[in-house]
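The structures considered in this document are given below.
Shared between the two complexes below is chain A, which has chain B as its partner in the first and chain C in the second.
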Partner chain A sequence: MGPGVISACAYGICACDTCGSHCRLRTRRVGACPTCGATVYARKPRSLVRAAALLIAAVILYLPANLLPIMHTATAGSAEDDTIMSGVVALWSGGSWPLAVLVFCASIVVPTLKLVALALLIVTTHRRAHWRLRERTELYRLIEWIGRWSMLDVYVLALLVALVQLDAVATIEPGPGAGAFAAVVVLTVLSARAFDPRLMWDRAGS
Partner chain B sequence: MNPEDPVDIDALPVAGPGATHRTPIPLVWLIPIVAAVIGGWIAVHSILQRGPAITVSFADAEGIEVGKTKVRYKNVDLGLVRLVTLAPDHHSVKVAIDMVKSAEPFLVKGTRFWIVRPRLGTTGVSGIGTLLSGDYLGMDIGTDRDPARQFVGLEAPPVIVGDAPGREYVLEAHDLGSLGIGAPAYFRHIQVGRVSSVAFDQSDHEMVLKVFVSAPYDQLVTSDTRFWHASGLDVAVNSDGVRVQTESLATILAGGLAFDSPVDTSNSTAAAAETRFRLAENRDAAMKAPDNISDQYLLYFNESLRGLSVGATVDFHGVEIGEVVAMNVEYDRATAKFAFPVLINVYPERIRARYRSASKMPLMDTHTLVVSMVEHGFRAQLRTASLLTGKLYVALDFFPQEPVAHLATDDLPLHLPTIPGNLEELQSTVTSVAQKLDQLPLGAIASKLNVAAGSLERTLATTNQLMSRLDAEVVPAAAGALTQARQTLAQTQATLSPEGSLQGDLHDSLSSVARAADSLRTLAEYLDAHPESLLRGKPADPP
Partner chain C sequence: MTVVTAPVLLICGDCDALLRGAPSTLLPLRCPRCNDVVRERSSGGLDRALALYFTAIVFFAVVNAFPILSLGLLGESSDATLFGAAQALNARHMSLVALLVGTTTILVPWTELIASVMILVLARRRERPRVYLRLLRIRSTIQPWNMLEIFALGSLVAIVKLGSLARILVGTGFWALWGFLIVSAIAARAYRREDVWNSAVPRLWGPA
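Here is the complex of A and B:
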């Protein structure tokens, strides 16, 4: 058990996420809720493994997401491929500094931070570290909350693709990077979901 | 249940057995595997798709944007500019380009790159599309097989792209005129080609042009074909009037050249590519029979050479047989005199031998011929071609009255003797007249005239006095005399009138004279009949 923490898990009790009733788990840490029949568990099963697997997938796709063009702009006479970074640079050099900062934060800083933070959480939890448990928990909360904002780029792109379809004059099409980027965001969200923050405290205590 | 009550943990219901479909390896690992496969495939694909990287150097990178400027061949994108750097020598820029994989076979020696910009020229407008899309790099595939990765970019688009059918010929010209790269080449006013390059040959100081004649017109270029400048207007004023010649409106502005074969040519096989031709100044010069042999002669004229220019014609009895090549000034130290030699070229081929085929004699050596001609009074003379412009030309002709001259044949070029021209003769005559006029004692004459004029004035004054005296004295007397004369005349008339006494008296007198004449006749008759009466006297009357 964590320092001075009394957890329900230690007493073999868990709550059903579906109907809210409590029950006792016998030997294994997974069972069926006696009230509603939903699966109940003391801790998310294989939380670290799943979180790590999803995170690795996100890291792999992070490379093409940043290197491949996410947007293909074709205006009269010229066609252009923009990666996330070149889009930020274009916005910056175009004078739209606030927009550039926003896109830079949402599309580059946040996903990168998320990957780094998740990796940190998973590794420290796996190592049963006592280091800054409280701050790590807050970090986890932040990651969960911020995750959805990373889809900003994808939303903007979806809007642009739908709106700018003036065949002869200008068309915008998503590039291969867009899919990878969306996958990175989704995978990090899932990874954060898969990670059970209670494990940090469990492992630190045991 | 009261929330305030403590809960008995043991009283809580026990969870039933959950789902037990557990695999030894969690399925969640499939996700990173799939991600790795996708990422790997993308990576491999992009590596496989990566074409060769090339470097093209340009003098200036105007219009080239990293990551945007593309390389296009026949409007197909074949590459993208990755990097633009300054060359180490700072004289050029190096443009690094990532080409697509399929472009690899095209990257050979001789492949050319140039920057396509909008261009507005006299021969047309090109590259309009780049106004919207930005500049791009044009590409023309070379014919070589050796692969290359370093290229030197062209500063201007090439006139002829590699696969255009046709042939390129080399033209030598003394002067480029207004010809430039891209200048059109015409065959009978049809544009059939373009000037593809212009260079200056250091070794023989000639302009060397390359002209590309597209198929099928390249078949018209034979070894006899003549090329000439068709730039601008060719205005000629001659005895036929004014003649203006031009190829097309564009050549007036941009220049151009034209070619054709002489009418009497029999050669019809097309000339090989890179054949060298001479670019003539104009059509007439081009169509002239080529003067392969030329003899040089030196002429020393005593008169001024003003009006004579290099290129002036040398004419023999009105037929053009040569031209003036050079005019100089020579200073002779020994005699301290200046001489003005005129070097002329005479093309003996223009002097055709009459009945050459019939003659058994070997063709006479030109020098020997000229020596004998000079002995017969062959001389050079400067003549005025046009009184309006004062242009001179060199006339060769026979002047049999000239003293016999002998040519010194040992120094070349031969010195042809000269005689003063018409104008100079006229000039010398005028000069001698002027000199004679100058010798007249005009001063003395003038003073004498002055004296004479004074006396004349005095005489006139005297005459004037005389006249006034006459007026005052003579005129009244004369009037009296006239009255008297009139009276006398009236009297005379009265006297002479039939009724007048004079006429009666005269009548009487005349009757007396007639009677006297009768008596005389009687006497004469008597004497005739009786001449003895003069001696014997008159016989007594018969009884």
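Here is the complex of A and C:
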């Protein structure tokens, strides 16, 4: 806890998620907003357990998402399966390296970083660590903001499948990895939303 | 009327620090403890936000109506609209992924646009029917699931990926999509939750 800074919760005050008004808490955890009537929670309920459960589900699906093909391309003479990584390699060897870097970041760096960062945040918070609170809060903001960008590959796939439906010449079909990859993105976004960064400050302070 | 400039209390959303700030002079404000933006700069008011949201609706209607990309190869051609992208996955037994794509690029953006306009219209008329609160909750809940800017980037990647295979044409929907993104980013900045509530609700505390 920084010098002279007091948590609003310690004063029994909490900001309403719906309208932003400040509310007086009825108990230590719950109150009702006088402006809009919504129930307000001082902290997201069961935050760490929910964040951890969603993260574990994402970790499990991370393997099929990266190992199974997400796309099947059939042209007149040949057919090939693409995984996330081979799609990046194809862009790179095709000469468009700026896009290859972009897709590599969105589809491989960001999901991996998110899994590691969420695990770090959940474990350090659970262990009441004082370590680098400000940087950990910044890290949380980063993954909360950047997490959605992993959807990039899902949209590219949807557009390719919609466009390349020329039965005689070429077709592109989605592969089984696509479902797993989309699930990893959604689960990590949900996990980041379930995690309450204020708990880091609470637990380090007590 | 006397204007009272009492200091107001602010609560940081990310670390729960309780802060004192002057009512509207020191904008924007960052949390001294964890560096979160506690309060954003005010801009324009309800009328400006409403005008921008109407413009965004016009752009988004065009995005929905026209193809985003078309492809021509050996005399055959096909095109992809916003709906077509989700529909193509659905037709290939990927209905859950199709649902995700359709929700994040069509359903959520439309809901957010319509809810925003209804909120702003009601706020300008200083009315607060029961549905008002529900609209505010819907808007704040679904907002992170509007992913059109990522879809727009995806359309660029798709152009490059198919460029070696076939002739790609960008459609009206493609340009409308980028126009929509610019307008809706400005609209989202003009929309401030505090303005919406303050104009609709009699002030419960602070300067009258």
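Going forward, the second predicted complex is superposed on the first by the 196 of 206 C-alpha atoms of A that agree within 3 Å, B and C clash if a C-alpha of one lies under 4 Å from a C-alpha of the other, contacts with A are read in each partner's own complex, and residues count from 1 in each chain.
Methods note: contacts are C-beta pairs under 8 Å (C-beta built on N, C-alpha and C of every residue); 3 or more make two chains touch, one makes a residue touch a chain.
Being a predicted model, the structure only gives us computed values, none of them experimental.
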Partner chain(s) touched by A:G94 [first = chain B, second = chain C, both, neither]: second
Contacts of A:L133 with chain B and chain C, given as first, second, both or neither: second
First, second, both or neither for A:P64, with chain B first and chain C second: first
Greater chain A contact set [chain C / chain B]: C
Touched partner set for A:V49, first chain B, second chain C, both or neither: first
Touching partner for A:A32 - first (chain B), second (chain C), both, neither: first
Chain B versus chain C as contact partner of A:M151, first or second or both or neither: second
Which of chain B and chain C A:C14 touches, first, second, both or neither: both
Common ground on chain A, meaning residues reached by chain C in one complex and by chain B in the other: 11, 13-14, 21-22, 34-35, 37, 75
Interface residues, chain A side, partner chain C - complex: 2, 5-9, 11, 13-15, 17-22, 34-38, 75, 90-91, 94, 96, 99, 102-103, 133-134, 137-138, 140-141, 148-149, 151-166, 168-170, 173-174, 178-179, 182, 186, 189, 193, 197-198, 200-202
Contact set on chain B toward chain A in their complex: 7, 9-10, 12-19, 26, 28-29, 31-32, 34-36, 38-39, 42-43, 67-68, 129-130, 132-134
Residue numbers on chain C that touch chain A, as the complex places them: 9, 11, 13-18, 32-36, 68-71, 73-74, 76, 78-80, 84-89, 92, 94, 96-98, 100-101, 104-105, 133, 136-137, 140, 144, 147, 150-151, 153-158, 160-162, 164-166, 193-194, 197, 201, 204
Chain B-facing residues of chain A, complex: 11-14, 21-26, 28, 30-35, 37, 39-41, 46, 49-50, 53-54, 56-58, 60-61, 63-64, 68, 75-78, 80, 86, 176, 180, 183, 187, 194
